[in-house]
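Mind looking over this structure? Questions follow.
Chains: A, B, C, D, E and F, in written order; residue numbering restarts at 1 for each.
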Amino acid sequence: MRENKLKKIWKSGGTVYCGWLIGDSSYSAEIIANENFDAVVVDMQHGLFGFKEAVEMLQAISTKAPVPLARTQWNEPSPIMRLLDAGAWGIVCPLISTADECEQFIRATRYPPEGERSFGPMRAMLYGGEDYYKKANDTIVTIAMIETAEALDNLDGIMSIKGLDAIFIGPSDLSIALGHEPSLDPKHKEVLAQIERIRKVAVAHGVVPGIHCADGKVARKWRSQGFRFLPLAADSYYLSAGAKAMVAEARKR
Amino acid sequence: MRENKLKKIWKSGGTVYCGWLIGDSSYSAEIIANENFDAVVVDMQHGLFGFKEAVEMLQAISTKAPVPLARTQWNEPSPIMRLLDAGAWGIVCPLISTADECEQFIRATRYPPEGERSFGPMRAMLYGGEDYYKKANDTIVTIAMIETAEALDNLDGIMSIKGLDAIFIGPSDLSIALGHEPSLDPKHKEVLAQIERIRKVAVAHGVVPGIHCADGKVARKWRSQGFRFLPLAADSYYLSAGAKAMVAEARKR
Amino acid sequence: MRENKLKKIWKSGGTVYCGWLIGDSSYSAEIIANENFDAVVVDMQHGLFGFKEAVEMLQAISTKAPVPLARTQWNEPSPIMRLLDAGAWGIVCPLISTADECEQFIRATRYPPEGERSFGPMRAMLYGGEDYYKKANDTIVTIAMIETAEALDNLDGIMSIKGLDAIFIGPSDLSIALGHEPSLDPKHKEVLAQIERIRKVAVAHGVVPGIHCADGKVARKWRSQGFRFLPLAADSYYLSAGAKAMVAEARKR
Amino acid sequence: MRENKLKKIWKSGGTVYCGWLIGDSSYSAEIIANENFDAVVVDMQHGLFGFKEAVEMLQAISTKAPVPLARTQWNEPSPIMRLLDAGAWGIVCPLISTADECEQFIRATRYPPEGERSFGPMRAMLYGGEDYYKKANDTIVTIAMIETAEALDNLDGIMSIKGLDAIFIGPSDLSIALGHEPSLDPKHKEVLAQIERIRKVAVAHGVVPGIHCADGKVARKWRSQGFRFLPLAADSYYLSAGAKAMVAEARKR
Amino acid sequence: MRENKLKKIWKSGGTVYCGWLIGDSSYSAEIIANENFDAVVVDMQHGLFGFKEAVEMLQAISTKAPVPLARTQWNEPSPIMRLLDAGAWGIVCPLISTADECEQFIRATRYPPEGERSFGPMRAMLYGGEDYYKKANDTIVTIAMIETAEALDNLDGIMSIKGLDAIFIGPSDLSIALGHEPSLDPKHKEVLAQIERIRKVAVAHGVVPGIHCADGKVARKWRSQGFRFLPLAADSYYLSAGAKAMVAEARKR
Amino acid sequence: MRENKLKKIWKSGGTVYCGWLIGDSSYSAEIIANENFDAVVVDMQHGLFGFKEAVEMLQAISTKAPVPLARTQWNEPSPIMRLLDAGAWGIVCPLISTADECEQFIRATRYPPEGERSFGPMRAMLYGGEDYYKKANDTIVTIAMIETAEALDNLDGIMSIKGLDAIFIGPSDLSIALGHEPSLDPKHKEVLAQIERIRKVAVAHGVVPGIHCADGKVARKWRSQGFRFLPLAADSYYLSAGAKAMVAEARKR
């Protein structure tokens, strides 16, 4: 089975830089897969596409080196299993608030007896090889999002769940949870303090800490603080930022 | 009928800044339509989508102010008429090399007796209003691409064709036609000389000169030289440039 | 943020006439958005399309004045939140039978602390503006369907839930729930009595009463009875009724 | 091979009533195929979809009795042959102006030596049977549109072409060709005179005369005048007419 | 309403041979519907498509004789009801482990009072007729999958649920549940013993026993053992097996 | 730029075994790309899909080793150039009957001055690398189909055109052209004689001879006769053959 490079990077102490796809285009996915990312996430939660488009985007990512990941639309077994069948080499799960929720998430990604995943990796075997079944439980990475008020009370429990590879902070939802406006680059002390607390708990449990980054500069800040899973904004940002800058420059007098 | 803002801008001596869509996504189209462009081009020549996606992209552009345009895949009546039926308020036609070709192009955009367009503006009437038939011939803008060696011998003839609103230089194909490598920002003297010659012939015939721009800075250069139809790169560039810059910044040590 | 015209109409005592989309076509959506409706519902429950098509239909509706709404396929947070992210300015939720279910529905449409909506309004901000987060909780309308036997025992509880703007009777399911055949224009006394009872409870709680209407005549009947949210049949009815009448007329001897 | 009911109806002196599809929906196609039409046309000329959607619409029509037809986007061999491969049981060809054009059209629909059709009826054999090759030339119907000024000078030549089953008048384009506004129900004397002249020439050559009808009443008028191929408006009309009438009725005070 | 041929076959003691669709193609669906199957399953659990594609595949199957079935992605009311609205004449439900789960599944397929299905059979009425509501509860077939360890403890309870027509063993998941590697043709004694036990319990309860078959030979083995619902592999197997054999033969020296 | 393995194989005297795609599925494309083919052809002539699906299929093929090729729908510059922009590494062109037609075909695949290809390889550069422009003319393979009566009179002329890499016999169309029924495995002497004559002319001109093969056995026959470009049937054959065999075996008594 095709190995999961993220595991290697993390084991060696490295950092994973990750592209992010909100838009409904396999061509955009292929463009992003040609950039210098370690992984690319197909986002079913806030992305504007359905499962078929997710499959096509996973195909497009598979033309190049980055590891194909997916964010499930919800912590439910069915969408998680379908994304894995479609060849996602890891799942980002939003809104994990308790240890039980985290365990349910992990179990959806594992064949019995480690979990309840149903067998039918119809595209995953094309991407990964015929020994997929034997190695999937050890290859698929799991990334739980920490972004609710409730999660802050359950950090130890959540991060104790066996099989959890990384946690991933959603700064916008976390900010809202703490009573502030959403921001991909939060500045409020309370938010920053919680982010650091989450990171420390993760590290203490041997879980890789990650956070969504507004841009490259912000990513470097978080990296220097010890975060090692760093998705960068999303294709919609790359696209509108690029267009906005270009037309503003063009219109200058 | 909904007026064509491009005609107004050009009549008042202004410049049209234009977004460009290569990718297959109505969401990308809507993002670009929210930026500060006067028009957005759905590109059927080098774009990676079919007619149905073009229709959806024209719908997405129609949610906002920019004028929806389309580049036909070829100088043939059928794709031109279909794009107009779908609500394009103007057509960019590639590879116009002779006066006859230019006339054929213009006639495909006009109802008789000015041309041979067949009646059935099924989406255009939704976008533009029920009096579409009466005003379409005076509203639709026509933009002929100058980018072949043969065209350079026929500039006067091409630009004399009645109904031609603008010409649009494809710098990459023009560079190749002159024996150089393709570039959206050509530097070779011979190419620059021809670009300026084309512009002058256009102005002499009351035709708006335009050119594809590698970025905003290049656009300003051309504007100061007198070009007034300035498409900026394409969504694929905005996207990859944005991603490339962000991940490079993030990876800096 | 773009205001929600439905709130205005209802505040002023007016009635909302609403188009309805079952079919899988953004072109049909645009046609309906050009008719004289106050709102148009993209129906994920009984409609024959997936999420991507819903997004495209919401784009098509956004080219014109009617307010884009969506019926979620089920009272679950994930599909509700995705439809809101995609730019629905209100949600119709089927099969609300208890106060708890109603509260769960409302909370899925609200950012904390009023609810649990996750932040990522990727298309909603394009349609509505950059201040979307600040105003969304006050702008999005919520419409709970009353159509089960259980709901009839819980009307007061359901309609007491804070944030509920309107209720919407599904006459077919309600008829079945009461032991009768489904009908968009029910005639059975018991059904009519329950419909009136529901309406009265709604009015008593300051909730706008609505009901699905078989046609325009039926809509007027309900309006005169005090209903103020009046979806009219669906695109599949408009289409087949139009075709059926035309071919019958044509075949007459 | 599945027979072509249109041939039978016409041979017996009967009239063909025909549905028409402009929209991009296989569900709409199936709805229309459930109405009382003898045939349904998938319109690639003014319709808002591409070839893949045409295939899906032909599949949807094939669930029921009406004969699946297609209007090619242009009188070119490639789109005609592809529509036949996809299971169209007849082709409507727009803008036939000369006998040569008519012959070119017919030849695109016939295997050698009657024409130049290339062999590969990949869906047609599923719909029609394994003996498709042997019977296709005798089964496929051909319908040439008469709608240009030039065609009026060439009626005898056009209708003399062997293999032409029917002609079909496009009243809007014909009106424009004669210097009048487009109308699906033309009233101008000159237009009416030409329509009758076309019909007479068709009958004289044993070709079935047809005309696009604004509605059922208009269809009856033409039938009584001797027209026997009667497409009725289009799905977009059925849909908007149905919606318009319903909402107008509902809003009445 | 169109009858359900599966009921007839099973009542007469016959066996149902069933095609299976994992791929995202309505053309593949139509090809399979032209083969000698009694039914064809559109698989939403391990298939690589979304709801819209499922609708198109159901349309394609409806052009021919086989009964259209669907496997729901999960035992949840919403996807089950949507597949029925789209014209599935029966539902395969994965991972039924308890009597309660089985009852919940059956109730999602039944209108009240037998269940909680919501009314809106928008395509089902096109496929089946206008009396759909009256006969649906008696026409739709229900097929529960037995494939978990927990189910093995609850066979009697599961198969006692009223309305269950058939059970269907997933040999791969069942093998995993019993601690073995997944196989569509399991050889392990323990697995074979459990398969036979499940079959016997089914027969004792008047429930038709079924099992997924690796190929035709395996199907015959199971048939001779008394299984009467026999899906054969899947389109992805037919396709890759066909290609693999052909290219291997071609390359032989 | 990514090299073209076909050139290497042919230069070394080897034979190219080729998969063929008629169906509209990127998943099928990926399955076929995982089999032991040297190349896979996306067929726009008799295939049941449009340009967008072709792009997705080319992406899917690009996940694995086989060289992505496409058959253009017609010998016209626009579809040929679009397929090359989308990343086809070679073009099969149907119905080449004269040297002029062959030259026109080759020129559509070449940047000036060797041809007239317009610059915009938007996906081709992702697949092949940034030096695409410099190497494309030497990398793209060209394959002309010989299948008409007229071509038989022009073999020398056709095969003398510079830049032609291979010819490809369509046995069905060639059989029809010679007055026989279409067959992928023609037996008629006259047809076999012409096939051998075509092969000899090709070899004499240094052009690789190819022919469409009904199956692997037929492919071996042609290979032993000297053919070195051997497409095998098509996905629709693999699929229906696989299903047909399996269900026949299953039903045996």
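Convention: a residue touches a chain if its C-beta (ideal position, glycine included) is under 8 Å from a C-beta of that chain, and two chains touch if they have at least 3 such contacts.
Computed from a predicted structure; not experimentally measured.
Which neighbours does subunit A have in common with subunit D?
Shared contacts of subunit A and subunit D: B, C, E, F.
Have a look at A-E versus A-B and report the one with more C-beta pairs in contact.
When the contacts at A-B and A-E are counted, A-B has more.
Compute the distance, rounded to whole Å, between the mean C-alpha positions of subunit C and subunit E.
Centre-to-centre distance between subunit C and subunit E: 34 Å.
Taking each chain's centre as the mean of its CA atoms, how far is subunit C from subunit F in angstrom?
The computed centroid separation for subunit C versus subunit F comes out at 52 Å.
So what's the Cα centroid distance for subunit C and subunit D, whole Å?
Each chain's C-alpha centroid was found; their separation is 39 Å.
Touching at least two other chains at once: which residues of subunit D meet that condition?
Counting only residues that touch two or more other chains, subunit D contributes 22, 24, 26-27, 31, 34, 48, 50-53, 55, 76, 122-123, 236.
With chains as vertices and touches as edges, which is it: line, ring, star, complete or other?
other
So, with touch as defined above, which chain pairs make the list?
A-B, A-C, A-E, A-F, B-C, B-D, B-F, C-D, C-E, D-E, D-F, E-F
Looking at the complex, which residues from subunit D come into contact with subunit B?
22, 24, 45-53, 73-74, 76, 94-95, 147-149, 170, 172-173, 176-177, 179, 181-182, 234, 236
List the residues on subunit B that touch subunit C in their complex, please.
Listed in rising order, the residues are 26-27, 30-31, 34, 55-56, 59-60, 62-63, 123, 126-127.
Report the residues of subunit D in contact with subunit C in the complex, numbered from low to high.
17, 19, 22-28, 31-32, 34-37, 48, 213, 215-217, 219-220, 223, 230, 232-233, 235-252
Which part of subunit F faces subunit B closely enough to touch in the complex?
50-53, 55, 76-78, 81-82, 85-86, 111-113, 116, 118-123, 133-134
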